[in-house]
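Several structures are given next for inspection.
Shared between the two complexes below is subunit A, which pairs with subunit B and subunit C, respectively.
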Partner chain A sequence: MSDIVRGDPDTYPAWFQNKKTTRPLIVSRWVPIFLVGVPVLVLLAIVIYPTIWMFYHSLRDTNIQGLFMGNHSYIGFENYATVLSSDRFQDSLVHLVQYLTFGAVFQVILGTVLALTLYEFVKSNAIRTTVLILMVLPMMLPPSIVGTLWRFLLTPSNGAVNQALLDLGLISAHIEWFNAGVSLWSIIIADTWNWTALPLLIVYSGRVSLPPAVYEAARVDGASQWKVMRRVTLPMLKEVIAIAFILRFTDAFKFVDLVYVMTSGGPAQSSELPTYIAFQRGIREFAIGEAAAYAIVIFAISAILITLFLKYMKRVMKAQGFA
Partner chain B sequence: MADVTLTNVNKIYGEGPSAVHAVQDLNLKIDDGEFVALLGPSGCGKTSTLRMIVGLESISSGSVHFDDRNVSALEPQDRNVAMAFETYALYPNFTVEQNLAFPLEVRGFSADEQKKRAQNVAELLRITDLLDAYPPALSGGQQQRVSLGRALIREPDVFILDEVMSHLDAHLKFQMLFDLKRLHRELGRTMIYVTHDQVEALALSDRVAVMSNARLQQVGDRNTLYNAPANVFVADFIGEPPTNFFQAQAVESDGDLRLAVDDAKFTLHLSEKTRAAVKAHGGARFIAGIRPQNLTPATASDATSGQTTATLSAKVSINEYLGERSILTAHRGPVSFRALAPPETRSAPDEIVELAYDPANVMVFDPETEDLVH
Partner chain C sequence: MAVTTANSEAQLQQTSTVADRWRAVRYLFLAFMALWLLFTLFPLYFMVITAFKSAAETNLTVPTFWPNEWFPQNFAGVFAEATNFNALVDSFIIATANTALALFLGSLAGYAFARFPKQAGGENLAFWILSNRMFPPVAILVPMFFLFDNTPWGTDSHLSLIILYLVFNLPLATWLMMVFFRDAPREIEEAAYLDGWTPMKAFVRVTLPLVLPGMISVAMLCWIFAWNEYLFANLFVGTDVRTYTIVIPTFTHGSQTLWNLQMAFSLIAMIPPVTMFILLRRYMVRGLSLGVVKG
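For the complex of A and B:
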């Protein structure tokens, strides 16, 4: 019980004293240390240590055998050179841009349009709720199921999608959904089906929480619905849309599952994303050092992009007096 | 500019057994250039009334006219009304200048014209130094000014203010009262002001419309509301501290009609006029009311001033000293009531004081309808 401190904050170590108040803690001084310490240890074990480990091995010629035998040597930035100069990686960057544009960005746009349409044009709460629940259902499925499902749906010869398009007369021959140049689009379609509800939910809840008085003011001021949407609603939802975008953006950089399940990056590596190559090189082919270099390059690209984006957001918000 | 006429206006929210009749048979005419306050406690229907005038709420039955124009079915933007909101309702992503100019932008005014008018309105409201700021960075008082400016900028026929001061602190409120009064004098526009604060309502407006329980109780200027309240509600609601009410019985002795207050063993004298009214009204039981302002400790000068005063003695139980005046809570038997005394009054608890009143200030109400007997 000697650890219980009542009344004399001076007995705390200097780094532990509350600068703002002299109100003493009424719990043991070990409680806060414990509360902070455990998560820090867990993070050290599962995030920080592996990250340092990865940096270390990205500079070494580690493969699976070398890893277990402890024989790997320093090779400088050779792994990075291999990664950056490989056509496979450069192609995958093009695929990533395609996926970011028509996956992440398009999903946020589509989600926003759907959310605002739902809010502005559907006035019945029951219908709104039903639509939201239906839209969210795909998000609850595990990626392996989504991938398998869409592989069935998109099967060229007897898949439901081709059959439906044929029946509707929109196409005259089967679309080869898993040929080179098309397979990445198939993945994007499945991913859009899977994840559009996330930006939709975020933007919808953002719209619900906007102050109704502002809209009444706009009505009295005489603004048309379109004008209100463009000049009032969308600008006020800017931060919310940005959050939805950041979430989809970070997901895109770690996007492996559907690629793995639907195409395995094929045919001929035509639907590979950088993360998939890192996974393939590291977990499948045991080129640990090279896979580590892949991971770090991807990390660097995403970190730079996110930082720029957040900087921009902060500037916008500061100008408006929010931050 | 326009006058506003509400004819048999009703507002019913919902349907069936859960329907709420928020405004009942409201008739009100507001003259061109008049400043009218809609005053009443929360839930009395004043905000519903205002929203029907603006057009944000549909009218269940009845009609609203601006001059001879029936605007009942028109959208707000077609009525040429402007409104300042309780929560300011500024566009947070616009600068103050853009906020002010938005109604003009919507109507297709040129950028130059927008800038010029925003500048004028900003000068009128003394916010020229805020034109480039964004609303979230402004204080409540500044935001409310911008909101007023946005309402003023397009020179509406009718200018509507919805509880615009309820989020301002006392000091700002005082400043704002002054500014609104000045604006009304400079612009001469029809203004309708909704509030639950009688001080604001009485200070600002030419006439006050008092509402309660979905009905308009009385419309009148300060004197009418004060001295001839239409019913017990108005007498109780207007005035601070509230009016003293007594259950009383009419008694006549030697041809002099008085009101005997139950259980308190005192009678209230009435003026000639009130006596006649009470007689004409008939009945034995009444509610008598007298304002604390009209009940003050008797002084020697009362006796010599020649005024017709009556007195009653009562025992002081509480003396609240409020700086510029004191409120005495006195009682006689089980009946307690308030009187206003000069600040220097130093009545000790349980001291017997002689309170003087002018019989003309005794108000008499019918106990059933609660209407003024006059």
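For the complex of A and C:
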């Protein structure tokens, strides 16, 4: 009997538990372990093993020749010291904060405002759906197309954006979109164009699934629409907005493709993010040990954030009667 | 009596000013949304007209917002070089095979998590699997390259990318299938056991059809993520395999960027994900929000 398990009895429907002749889902104890074990093994091989590899080399003076010859030695935390004290890394952290604030955070606010505007203020269903689809289209494009397209649009000398702004009389001279200090903003603009759709879509769907009865009650009570928005809609959407924020924030932390396609971190490293430097040092400049230290620093920061985020998500899903 | 009337009149007045203010707010937000729509559509519009321009017209010092001359032959021009068509085929093979693999493994694990939560390792294991999706892939790029370099098929192959894309698609598929299996009413499945069906038969004949819509949306999401992937492909592709996401940014003729062909190619490559999204957006919201938003 010990090698046999039943499906979770707590979740059996009442009528079923009362039956005397129950024959619930009984399988060998090994079946669930096997079913879950295969993906776990795959992930151990393709995620955990590389992470351990990176940690190992972050403590060694590995470069590309050393790696192939098996010729590298333990140097303690020297790579970390190099990384953490370098101006390049510290600058990239400033860029990251700028990108996360004006990218991820701003996108969630923007997406929420747009979603609620669309739902509350547009009456016709057909228009709503059409506008929603149009606004979400950019999300379906791959980063390489988004990056290429925006590099093309923002070309300083004869790009479409500069020309359109000139024609509208909003600027009097071409904006140099890819100069130092501006190029990171160009990336943020392209990213906002690309990803505001995600919080928008999530908040919109969250609003659609709020129970109409609550609004009926508020209307009977004679609450003003502003009050309904502030006291009913926004509090009820709190979790949904938080989830949208978590998704955007973790994605923004991983973000590197657009930097690579649009500016290659330039000019003069002025639009580099930590992830981009890790990529550049490892793949292009072959400083494996240092790249590994970058990777582990990034990994550690994201591990903390992800743990916090997942804790919150677990709570939300529990409240929904889920996990 | 008089007092009440005065009161209600004041109240009425107050409500009307509140309503006025609300109307003003409404127009303000609608105007903002219209502006945003313009910002969203302008790049797409310019992409479409550029795809129909001649190469000379894309390089004018003053860009045109309507083509002087229409060049639909650009779309044929994209496929004049076999490599471009092959890139789409490569992307298609990789995305489809990866989706099938992720969905197969993910469904089985998701089913185990939904039906045998304790024996399958509990919610902590499920959350750990999900967390793999959130880590920056750039942190594992270098070892991945050497790992696959040592395999018989090497880095520059379909198989390496098919396996590699499991990094983000397998956690997603497992997690979402768990969510969908939990949604499937268990009573019907239990009734099948009462009838003496084996777990396998009940799974295939009863549960699977129930979760099919969810499964399709998971498949679409995984497929789009794999189809659009750039970072891993950028490192792994070589002479044998090139995904279209790698080809598009390097669409040049000598030192000149062929913007018109680049945009035409982008438009063609956009068709599958955009079509899927328009058809299945309601299901996709569930997946995009990791099952939290019912959609």
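Here is the rule we use: the second predicted complex is superposed on the first by the 271 of 323 C-alpha atoms of A that agree within 3 Å, B and C clash if a C-alpha of one lies under 4 Å from a C-alpha of the other, contacts with A are read in each partner's own complex, and residues count from 1 in each chain.
Going forward, a residue touches a chain if its C-beta (ideal position, glycine included) is under 8 Å from a C-beta of that chain, and two chains touch if they have at least 3 such contacts.
Owing to the predicted nature of the structure, the values given are computational and were not obtained by experimental measurement.
Of the two partner chains, subunit B is the only one that A:211 touches; subunit C does not reach it. With both structures placed on the common chain, the touch criterion links A:99 to neither subunit B nor subunit C. Contacts of A:256 after superposition on the shared chain: subunit C is touched, whereas subunit B is not. In the overlay built on the shared chain, the residue A:236 is in contact with subunit B alone; subunit C does not reach it.
When subunit B and subunit C are set side by side, the one touching more residues of subunit A is C.
Of the two partner chains, subunit C is the only one that A:136 touches; subunit B does not reach it.
Of the two partner chains, subunit C is the only one that A:150 touches; subunit B does not reach it. Shared contact residues of subunit A, touching subunit B in one structure and subunit C in the other: 224, 320, 322. Residues 15, 18, 21-22, 25-26, 29-30, 32-33, 36-37, 39-44, 46-47, 50, 59-63, 65, 105-106, 108-109, 111-113, 115-121, 123, 125-127, 129-132, 134-147, 163-164, 166-167, 170-171, 174, 179, 182, 186-187, 189-190, 193-194, 196, 199, 202, 224, 227-231, 234-235, 245-246, 248-249, 257, 259, 262-263, 266, 269-270, 273-274, 277-278, 281-282, 285, 288-295 of subunit C touch subunit A in their complex.
Contact residues of subunit A toward subunit B in the complex are 211, 213-214, 216-224, 227, 231-232, 235-236, 238, 319-322. Against subunit A, in their complex, subunit B makes its touches with residues 54-56, 75-77, 81-83, 85-93, 102-103, 106-107, 133-137, 150.
The touching residues of subunit A, when paired with subunit C in their complex, are 5, 7-8, 11-13, 15-16, 19, 21, 23-27, 29, 31-33, 35-36, 38-40, 42-43, 46-47, 49-51, 53-54, 67, 110, 113-114, 117-118, 120-122, 131-145, 147-150, 152-153, 157-160, 163-164, 193, 198, 201-202, 205-206, 208-209, 224-226, 239-240, 243-244, 247, 250, 253-254, 256-257, 260-261, 275-276, 278-279, 282-283, 288, 291-292, 295-296, 298-299, 302-303, 306-307, 309-310, 313-314, 316-317, 320, 322-323.
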